[in-house]
Structures are given as C-alpha cells and as structure tokens.
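Several structures are given next for inspection.
Consider the two complexes below, in which chain A is the common component and chain B and chain C are the respective partners.
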Partner chain A sequence: MADPTTTSNEPSASTSGSQPSGSQPSQKTMTKAERRELQEKQRAAKLAQKQTGGDTKPKAKPKPARPTEATSSSGADASRSHPKDAAASTTVVEGVTSKSRSLRIFSHFGLPKHGPGVKGDIHPSIIRLALQFSEFRICGANARCIATLTAFKTVIQDYTTPPNNTLSRHLMSHLSPQITHLVSARPMSVTMGNAIRQLKLEISGSDIDMPEQDAKDLLCQKIDDYIRDRIIIADEVIQDLACKKIKDGDIILTYARSSVVEKVLLSAYKQGKRFSVIVVDSRPLLEGKALLQALTSAPPVSWTLSNDSLLPPPPPIPCTYALLPALPSLISEATTVILGAHSLHSNGAVFSRAGTALVAMMANQHSVPVLVCCETYKFSEGVMLDGFGKNELAPSHLFQTSPQAPNLEILNPLYDLTPPSCITAVVTEVGLIPPSSISSIPMALGRISL
Partner chain B sequence: MSSELLDDPTQRVVENLAWKLRRRQIVGSRATALETLRVLHQVISDSPFSNMEQLVTIVRGVGRRLVEAQPKEHSVGNTVRKVLHHIREEYNTATRGSGSTTTSYSGFSISKFVQLGQPRKHTVLPKAESRGSLKENDSDDPDSFARSLRPVLKEAIQDVLDELETVYDNVSKNAPNHIHSDEIILTLGMSKTVEAFLISAAHNRNYTVMVLETAPSYGGRDMAKTLSTAGISTFLVPDSSLYGLMSRVNKVILGAHAILANGGMFAITGSLLAATAAHAHSTPVVVCAGQFKLTPLWNLYHEYGALDFGDPNQVLGFEEGSLVDKVDVVNPFYDYVQPDLIDAFITNDGDHPPSSIYRLIKETYDDEDNEL
Partner chain C sequence: MDICATYQRKLEDDQISPPLAAILTLTELCASSTAGTMFELVKALNEGADALKQSSTNAISLNAGCELFIAFVTLFPHDSASFSDLKMELVKQGETYVRQALTYRQKIGELAVDFIKDDSVILTHSYSRVVMETLLLAHRSKRISVYVTEARPRGLGVKTAEALTAAGIPCTVILDSAVAYAIEKVDFVLVGSEAVVESGGLINAIGSLNIAIIAKAANKPFYALAESYKFHRLFPLSQYDLPSHNPRILSFPTPSEMAQAAENQMSSASPGSRSASQTLSSITQEEIAKNNPDVDYTRPDLISLVFSELGSLTPSGVSQYLVGMFAG
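And now, the complex of A and B:
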C-alpha cells in the first residue's frame, strides 16, 4: 500500500512480455539507464499501437522485460539513491499499464487489419469492393453479401484454368486470396460466410468434363439463383408475412435501418395501411436517417380508382425520430417493434446493429411484441451468449467526433446480441417462428444450403 | 401575495433570479440552489417582519415565485423548504431557551414518528409560552423580533451554504469503499458529483471507466475528457453499445437531477436505459447526489415519460434539409428512474437505500412546506 504505483507495474510486464510475472524485477530494482530504456520502449510501443489502430496483440509489442533481467540484482542499490527519479518514471509506466490492462479485454474485438500482405493477384473488382467495405459505402448484411457475390461472378468470368489443372480443383484456390483481401477490409459477415460456403460447394461439385466456359456460366447462374432465392424472394415473402402484423393505427418502432424492415414498412404503406413509424437511432452510424429519408420520400400515390370512385392519395407515413436515450419515453406508445438482424444463432439470439438489444429489452419490459425480420440464409450454426465475445469496432478515423486525451480510448462496437427472451417472433421466409425454434430451421430446409 | 411585503431592491433581486431561471440562464441543481440561497439571505436580512408568521409567509412567497418560474429545477424549492425548516428550528430554540417547558427529546421511537410524521422533530411548544427576549408584534419597536432573530437565521443559511459548497467532497469521501481495484465502472452524461466521486476513487484505486456519450447533449464526451485528464483509464463509447458492454461492467454510477420521495429519481436521459440494462445483467446501480436534491415529490403523472424537452435541433439538425419538416423529433431532457432499479444513493450525508429516502425527506423538511 506504501507505493501502489510500483505494485501496479507488474501486470503490464506480464502482459507485454512472455515470461511469468514472478521473474519480473520491480521498477525500483532497476538502474536509471534501464528505467529510461524501458520508458522509451513503452513510448515506442504506445506509438506503434496508435499507428496500427490500437491492435494489441502481444507480439506487436516490444518486450521491455528482457534486458533488465540480467542486471536486476546490480541495480538494487542504485534506485535507492534516486527515489524521486523512480517515482517520476513509474507514473509514466502506470499510464501505459492501465491502458494495456484495460485494452486487454477489448483485444479480441478485431480491428480491420491494414496492410498489403495478401499473396496472389487481386481482381480489380474485389479491390474496389474492399475499399467500399472499409469506408462503409456498402454496409449491411444483405448489401454486402449481394455485392460480394456479384463481384465473384466477374472474378469467375475472368478466370482461366491453368494447364494441367481442373476448374473444380483450382478455382477455389484462386478465390481464397480474393476473400482474404475482402476480410482484411472488414471482418466477414455471417451472410458472406454462408454464401461463400455454398459457392465452394458448387465449385467442388462442378463437372470436370464440362467445357470451361459452360462451367463458369453454370456457376454464375448458381450465384444468381442464390441471390434470387435466398435474398430477394425471401425478402418478398418476409414483406408479405410481416405486413400482416401491421394494422391500421399501429405505431411501429424500429431501430437504425434494416433493408428488410424498410421494405416491409413501404409495402405495408403501399397496401394502404395507415400507421406511423418511430425511428430510433444512435451514433456511430446514424443509419436511421437513411430510413427516414426512404419513408418520408415514399412515392406519392396518385388518385386511385376503386369501386367506381376516385380516392385521394394517402398522406405520407407519419414519422417520429429520436435518439436511443429517448427510447424509454417512446416505447410505451409503440404497438409493435420491428427489427432487422445481422445474423441469427441457433440458440435464438439475434446478432444485430449495436443498440438493437436495448430496444428489444425495453419493448419486452413494456410488453410490446418484438418481430425480427431475418432471411434464413443469415442463420449461423454457432451459439452466442453475449455480444462482447465477438464484435467489430467501427474504424475510428471514419467516425471521429470525439475529444483526444492521453488516457482516453474511443470504442465504437458495431454489434450487440439480443437474447432470445426479448424476442417474440422471427419473421423468416418459412414463416413466423419463435426464437426457440431457430435451430430446427436448417433441418426443415433439408440442409440444402447450410 | 407576499410580494407586497418586500421592499423594492429585494423584490428586484427575486425577480431577477426568477427570470434567469425561466430563461435557463441558470441551470443545474447545485447552481440554482446556490443562487436561491443567496436571494433568501438577502430577503431575510432586508425585509421587515415582526412575527414568525410574517417571516414564513415572506420566505414562502419568494419560494413560490421562484418555483413557479422554473418548476423543473427542483432544488430551488428544496432549498426554500430547507431554509424554512431551519427558520422554525431556530425560532423554537430561541423561544424555548427561556421557556418553562423542559421537553427533553429522547431518541427515536416509532410512535413519535407516527405521531409527528417526523422522527426527530422537536416538540412544538404551545403558542402561549413566554418568549423571553423574543417579542413578537411589539407595537413600540416592530423591528425588535427581526433584530433578535436575524443573526441566528443568517447563521443557519450559512450552514446550508456550507453544506452546498462541500457537497462534492463529502460525497466522494466514501469513494474508495465503493470502487475497487480493476473494476469496470460505467457512467454517463456530465455530472460534477460523479466526476468528483470517480476522481477521488482514482487516488487509491486503479480502475477503468466507460463513459456513454449520452446523445444528444454528448455530455459524456466532456466527462470522459476530464476523467482521462485526471489519470483514469477511460473509454468513451456510444450509447448503442450499452447492452453489449454491460456484461463486463461491475457497477453503474449515475448522477441525479432530483431524488423523489419514493426513492426514484429524475436524471439525464439515458439513465433509465442504463439502469434497466444493468438490472437485466444484475449489475448494481449506484447514484451519487447531494442531499439538496431530495425532493418531497412523487412521480405520479409521468411514470415513464419525459419531464422536459430539449432542443430538437440537437437530434435532427437543419443540415438534414428536407427531413426536418416531415418528421417529428423527440428530445426528452430527463428520465424517471424507478426506485427498484437503484441499489444505493451515495449522498454527502452517508449512503442510503432508496427505501429510506422518505425518512430523510421527513427529517430535512417540514411537512407543511411540501406545497409552497
């Protein structure tokens, strides 16, 4: 207790170095020169950390403990003669300590890896797509999946099988660096993973005796079918099913922007249902503004003829916009909450845009039904228990609005996990199902594609 | 109205503060409490009164004027109530000092509590007691009552002022008992009390704070900046990440705008969301607040809704162009947090569970002042 700063130094040494903390000499037992060296190394580490966007893999750090080990016994008396100096250096060390300690719990969040370290030639369309991904020009599970598959079609068409090889064996090894490049721009979404797995299956199953161009055309055809069946048609079915749950006079609350939810709301409006929408939104992405834009600029329906009488065009959808902290004040007004999803796990948990879980939780507390619109191709085999384990951070350079300070870190997690207990039903193209039955859906589909 | 009882300069001081409150030139519970106290000090020293009822009427009148000017700043009313309570207490001691009664107050008893509605109220003396040096309604010298009572009243006001000025120190006194090493604390918004509490804990403990940005005021950004400058390892996160991070948070520390008699509180928007998410994860929620925020009020009419609304421009600015005239924008200022979501109040006078707030209120104010 006499000197808390010295004791707190030890965890840092054990995180940055690979040896156990017991062998670590304490700050006091080092010579002045050693301390200076240590301090400088830590500064360099800090700088390097900043440049790599806060990536905290232990190997990225220099190991400050190494040189001090040999001379630790000789430095014992030297530090006693310079207590002031020791105190000064430990304060600096402490700053680094606390930072690395707390960063450790976020280290698995996985920031996008920068760097050109991808082998093989990358197709220009993939390079372009990766850039769009990393700058969030293309954002959202469906959009990213469709864009990836469309880019792969170009890649496949431009591909020629090298001599002494077959398409079914070689094409995948040609595609994998492309995929690696995309993942380096932004971590792969579950939808992309599912689609790529399906594509791999199609490639390995393609007939060896088929002429190359025919095989490529067939693959492109399969990709088109996948997009049509699993995404576009699925969305249309979901629209029909979800619209049945919207009645005249309803107040629908939604969070951020999901392409499916947007389609559901617009199609319900086109069917002549009169309801209002509350859009709840939050930083960092503020996607709800795009949804508002789409809802308020819904094409004005002109005068319609029905039962031999002209009907005036309906008024636009009344919209209310609020930020997430205002949610508790609005949730009691809502009659239904409709949410989108990034992926759905077999325990019924919904992995979706950060903030979705808060909306579902509040709705559940106020007994407002929560519908999650999700195509079956977003299903993921694994089980997730909390949104902290696997997440993605928004790159800070894109969403920089905040102050800078030495001990301050800015984190923008993009996703969170809604527990199944907060969800009333999941709207899929195979019907409305409770979250507890999610695991049976791939079976019901005959595992044709999962 | 009591305003006729005030002389011109005092009246002007009162009106001045009323307008400042109304225009929100003075905001924040502590700032308003301090200003109210200053005005009351002047009222008591300058206005003429010759008996107790007159004094109470004057102070109440001033209080009513200020509360009506800005009903959302509860600490204004609380300060007036507290001063009234002190006035009565001083009056009682002054009159009893020479009186013949020897009612010795002996400890706390439930029966007394039920009887008087207050656990430690001094037994009220019958009116007919002799007043010794204190003469009310003296026709020869109408100012004698005021002259003899004023010094003690000024002292009482000074006590309240001292309490307000040391509130941060006293709240943060206990900080090391609540924050332990390596904990992850979540807080939101900009609260001076919470800031002082966290910084004081950082002297002895090495811990991490996560600050929610708290849209649309983004007070969390300022908070994060001051905390990190004080050497605390700080993470600034958007409001949306609250649920995802909550599983790693050890404690939620909130500030309050007003603490209500049932143990609930009004606090900046986002507090209810944070408290509910904490409840879902069984994370303790601790509120730091000075006792001047205790308000003898029940939240009967806006159980969940907002109490006050802020500027919609903060939510959807005019730069959004066409959207602005097509969309309703909601920007509530405060949340009502129910008592069952709060685990403890850390005040400048000890830590209290929400269930004992009513007792503190009974002790601090007189029942008759609840309605000013």
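And now, the complex of A and C:
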C-alpha cells in the first residue's frame, strides 16, 4: 500500500462493483505487468461480487502473491475467515497485513480446493477419486498414479465418440476436464503428469480406422502395460537391487512412508536377512506409523522346514519409531538410510516428503550412505533449486492438531528438495545410479511407450 | 576343459591383466563349448564365470572382464547362417578385442603424459602396468622423479622401484605410513586401478584410499589410470559393501584364540625374561595379512581425473559412461 502505483488502483478494488477501467490511465501507457495486474484485479473484484451475491462457496486458493496489493491479501484473508465479505475486509486489511506477512511468500503453494464444485461432464469415478485425493485417502506418488490411470480406464470405456468426430481427436478433449477436476482436488503429481503425457501420446497416435471398441480396449491395454512395466515390475527390480545393499546386522533408517521402501524392507526380511529398522516420522501426516504397522505385523509367521528339521519362525523386524527431532541422536546408529521419492529432477535433486532433506543432510554429515528408491517414471526433466518455487500445502482442516487461534496461520508444506550432494545413490530399475548421472538415463532408456 | 587352469595360463603373460585373462578364458570356453543355442551358450559362460570367481581370492577385476564379455555375447547380432559360425565369430571378436585392448595402455600413457610437467615429483602406489607405461613414456620427454609406496603386505612397490631405477628414473620407496610426511614434496598422485565402479570411484590395492584422503587434505591432484575394460557395474556404498569383504577381515580374535595366544606368550616367557621385541614377533606378517583387506574403495569425491583410452574423465563422467553402457 505504500507503493504509489497500487494506491492509484485502490478504489477500483475496494468498490468491487464498479468497472475500474474508467478510473485508469489509458491502457496503452501501462506496462505489461501493470495491465496484467489490472486484469487480475478485475477478476478478483468480479469474484468478490459474486460471493457477496449469496454464493457461499468458499474461495479456497489465494491469488498468486502480489505483496503490496490489497485485493490479494483480502482474498487470502477471505479464504481464512470471512469469505462472504471481501469488500468489507479490504477496509480492515491494513491491520491484518502485518500479521499475515509470514504466509505471503508461501501463498503460491498449491493448496487443495476442498469441496470442489462439479463443473461440466465429469465422470463419477473421477469425482470419487478427486474426493479421495482431497481427503488424502489416496496418498503417495505411486498410489495416486495407479488410481488415476485405473479411473481413466473406466472413463475411456464409458466414452462414446460423438458423430462426425474421431476418437484420436476427441477423446483428449473429453479427458481434459476430468484432469482439471482431479487437479482442482489436489495439485497434480509428477508421476500423474508423466503418465498422462504418455496417455495423450497414445490417444493421438491411435488408428482412425480402428473400430471404436477395439481402440478403447487397446488404450486400456496400454494403460495396464504402463502400470505393470513402469511401476509394478520396476518396483520388483528395485526391491532386488536394494535388498543386496542390506546385510545382516544392518540398521536401516527411513523417513515417513514410501511404498517402495516398505516393499524393499519386507522382501529383505523375507530373504532371511536380520536387520533392524529406525522409522523417523514427523507431523502433520505421521505416515511412518503406517510403515511401522506394516513392518511389525509383517509376514505370516510359520515354522519352516529346512534340511529335515523344523525351524522356528524368525522374529519380526525390530523397529524403532522416532520423531524428527530425535534424529541427531539416532543417525549415528544407522548403517544405511533408505528413502522414497515423489519425483527426481534431472540435476539429481530429490523432491520428497517434507523432512527428507533434513534426514539426508544429517546422514551425509555423519557419512551414512543415503539410498533413494525411485522408479524411472518419476523422473522429471526440469531442474529445481529449492523447495520454495513449487510446493504443496497440507490442508489445515485435515491435519489440525493445535488449537485454532486468531492470527495464527499454520504452514505445512508437503514436500522439500534434497540436493544431489547429499545422496549417495538412486536405486532405479536400471540399476544403482549416482545422482550426478541421472540426466543420462532417460536417453539410454528411451521413452518406453505406454 | 579346466577353466581355472586356462585362466592361470593366460595370466602368466606379463601383459595380460585379470579382466583380459578372463575374456580370453571365456572365448576359449566359447570355442570348446558344445552349446547349440544362444541360451545354452550364455548359461555355459555364466557357469564358467562363476567357477572363475570361486577360484579367485580377489574376483573384482576378473568379474569386470566376465561381465563385459557376457554382455557382448548377449547383445551380439545373430545373423550368421549357423550357430557354430556365430560361435567362431564371437571367438574372433573376443580375440580381436583383447589384441586391441593391449594397445590401450599406450593410449592412456599418451593422454596422461600431457598432465605431467617437467621436473614433476610423482607419488604412486604399489605396482601397476599402466602406471609403469605412463612413467616410462613421460621419462622420454620430461625429467620426473617418483616416490613409490612399499604397499604392504605384498610389497609390490619394490618391484616398481626396481623397474623405474633400471630405466634411469630417480625413485625412492617410502613406507605406506610415510605418505602424509611425503605429500608436501609431491606434485600429484598417479595410481592404477583394479576396477572403476559405477559411482565413479576406484577399487585398488589397499592403501589407495589413505593416499587419496591425504592428497585431498593437501590439495594435490589424485589421478587414476584405468583401461575401459576395468569399468565395472558395481556400486559400493562403503568399504564393507565390496564383494571382496568377508567377516574374517578386521575381525577380533575369539576368546579361545585369545586364550591360546596368551598361553603361547606365557610359555615363551617362562624360560627366562624375554625382551619385548621377541614377544612382539609372535605375531607374524602372515597373521596380520590374514585379517586385512587386499583392496579398498576410493570415493569419487577424492579423485581428480580418471584417464582411460576413452579420454580424461571426471568421476561423474565415468559413471555417466557406465550408466549409458549398461542401462541402455
């Protein structure tokens, strides 16, 4: 507000009903950024008007950060407290801005829009899936990707090409709103993005002359193949490779819960290796509890016959459960750290559950080798430098543990970025790879088609 | 055919290193095998490779050769008229490769010589054919002097020193424990290798890691020389993750062994008061070597460059090459 250029825009934002263009200098004299700002303001004003007009649907996602802009902070404010009265809140915004200052730099983090309205022709299975995503019933990169692809199979089977159109051209435009709906429930994961890109490629490449049912069956077959090759089989190979790095007497430290790490530990146990596990966990998700449950209640315990003598069942995996603050006193015990990943960037940086970077850095400091288990379909071609550029917030209504206080904003980023220097090796289905060589894999592997 | 005897016979040639000997042995196995299909042949080769590994105490570099040849056989295009033709073709290719590989040391030497300045003082470790080749090549055009470590327990450093002195290069043998003392006088470190692994690190005679750490601490470059057939698909996470590690290495004596040792000492001490040196000598060199490793693993961050016939590679360049070769 101290900025003179924004104060000139002020009236248009607070008097939400009026068209602001009249009070503006001619659009030609404005810079591109200014024009965009104006446009955004008009949009926000329109939305605020709609909300005052009796629509009680909460406005969930704050507009991209524009620090000194009154509308933006009023929008963020509105989503928190009084969604009904955005225009009124602009008048008190001067008092609030100083308090909500801390959240502002994180306001671009993706936040699930709870209670998404269903717009357009959305398939019931997608609506169901979107709800499961937004409630965190389905969580984890692999699980979300498999669930999405499975739901798309139903969508494709229930789809009929409208007359005067072809499947290869029209199906994608039918799927797009479904994808948009899923993304509105929770920001898209890299795995889903990669899978959907492959699916698009397959759809656009499908034969025009093929009977519709055959084409749909073929697409579903391709989806099944993708799930099998890139996730299920890949996981099995990763299990084999990672198990070789677990020896008798090892103490494996892991953080939160990764489906691959869980499989690795269980299969190493099944191979008869005797090791113990430290599960480090952290709020707000406390996913490590599920891992602990799976490890301790693991295999069907039975007597085994070997060399004509009956052997007693092996004892279950000895586990230790600790929260992140206890890590420094536990890390020196560990022989290997095994972690999962949400995605892996081409510079070797690992994007994973918030807290992973801390564990990897601490392990690196204590010269404990850090293995990251990650399928190649989680690779992302981009480069990330930190966990601030892009992230996701845990919805506070799901993981509320502290009492609600006025002016207290809880910030729970879901992910963080582990720099490649803290990782010893990445276990993929093509072998153990040092993080510095990640960029040479996708070329060597080729893009395995869906 | 006796695969181990063949392997030993191949090794007798001074120029043939373990991976090449393994490749030659497998080519002979290929020639003499009665396999009628590719599957049978690869199975026979794998069994042969396993037999070789069983017979050898230090299988890492041998394994690199076996792996290379078997990967070559499985990827070889089968467009021959008959399977026996294909086998002959494989044998021919294997032998050609080994002939070619013998020229690699020369190439590496030529690459590495450019990094050696006139009047350099070089520290090397133990004995390596490719290091010898490089030093002798450098001696032709530049004045160099060499410190070589004794490299216990095998003491191969003495062999290096003798060869270099014979060629007229000033050379001094230093104790393995004197590396830190000598490092200030050294311009760079040059070592050979048993194998270069996927992380870009190095497996070499025990003591290389010490030298690498000391060189890093003193900010001296640490260069490794390795022919590309020594590149090995292995990713050790620590020293104890090497295939050569076994529970005997670095083990403490069991209580019964300790009692035995104490008894021996008592009985030797009882006739009269013996001096301390004699009681110490009850632990022989062989006994020390028994509980000690033959090779160690040098981490990639300690290595400046790896010279191979493919070029001068950084450790991450090595791992990219290996990933491209095997993950493709």
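Rule of thumb we're sticking to: the second predicted complex is superposed on the first by the 339 of 450 C-alpha atoms of A that agree within 3 Å, B and C clash if a C-alpha of one lies under 4 Å from a C-alpha of the other, contacts with A are read in each partner's own complex, and residues count from 1 in each chain.
By definition in this document, contacts are C-beta pairs under 8 Å (C-beta built on N, C-alpha and C of every residue); 3 or more make two chains touch, one makes a residue touch a chain.
Keep in mind the model is a prediction, meaning the values are calculated, not measured.
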Next item on the list: Mind checking the superposed model to see whether chain B and chain C fit together on chain A or clash?
Entry: fit
Notebook entry, point to check: Taking the superposition as given, does A:324 touch the first partner, chain B, the second, chain C, both, or neither?
Noted result: first
Next item on the list: Classify the contacts of A:425 with the two partner chains as first (chain B alone), second (chain C alone), both, or neither.
Entry: second
Item checked: Touching partner for A:193 - first (chain B), second (chain C), both, neither -> neither
Note to self: For A:405, using the defined touch cut-off, is the partner it touches chain B, chain C, both, or neither? Pick first, second, both or neither.
What the structure shows: first
Notebook entry, point to check: Who wins on chain A residues touched, chain B or chain C?
Noted result: B
Check: Which partner does A:415 contact after superposing on A: first (chain B), second (chain C), both, neither?
Finding: first
Check: Who does A:314 touch here: chain B (first), chain C (second), both, or neither?
Finding: neither
Margin query: Tell me the contact category for A:284 with respect to chain B and chain C: first, second, both or neither.
Written below: first
Next item on the list: Determine, under the contact definition given at the top, whether A:245 touches first (chain B), second (chain C), both, or neither.
Entry: second
Note to self: Considering the aligned complexes, could you tell me the closest Cα pair distance between chain B and chain C in angstrom?
What the structure shows: 19
Notebook entry, point to check: Just which bits of chain A does chain B share with chain C as contact spots?
Noted result: none
Item checked: For the chain C and chain A complex, residues of the former touching the latter -> 198-200, 233, 235, 237-238, 240-241, 300, 316, 319-320, 322-324, 326-328
Checklist line | Contact set on chain A toward chain B in their complex | finding: 4, 8, 94-95, 98-99, 101-102, 105, 282-284, 289, 292-293, 296-297, 316, 318-332, 353-355, 357-358, 361-362, 365, 386-388, 391, 402-403, 405-413, 415-417
Item checked: Residues on chain A engaged by chain C in the complex (per definition of touch) -> 245, 247, 336, 369, 371, 424-425, 430-434, 436-437, 439-441, 443-445
Margin query: For a test of understanding, state which residues of chain B touch chain A in their complex under the given definition.
Written below: 182, 184, 204, 206, 208, 213-216, 221-222, 224-225, 227-229, 231-245, 247-248, 269-270, 272-273, 276-277, 280, 304-306, 315-316, 320, 322-323, 326-332, 335
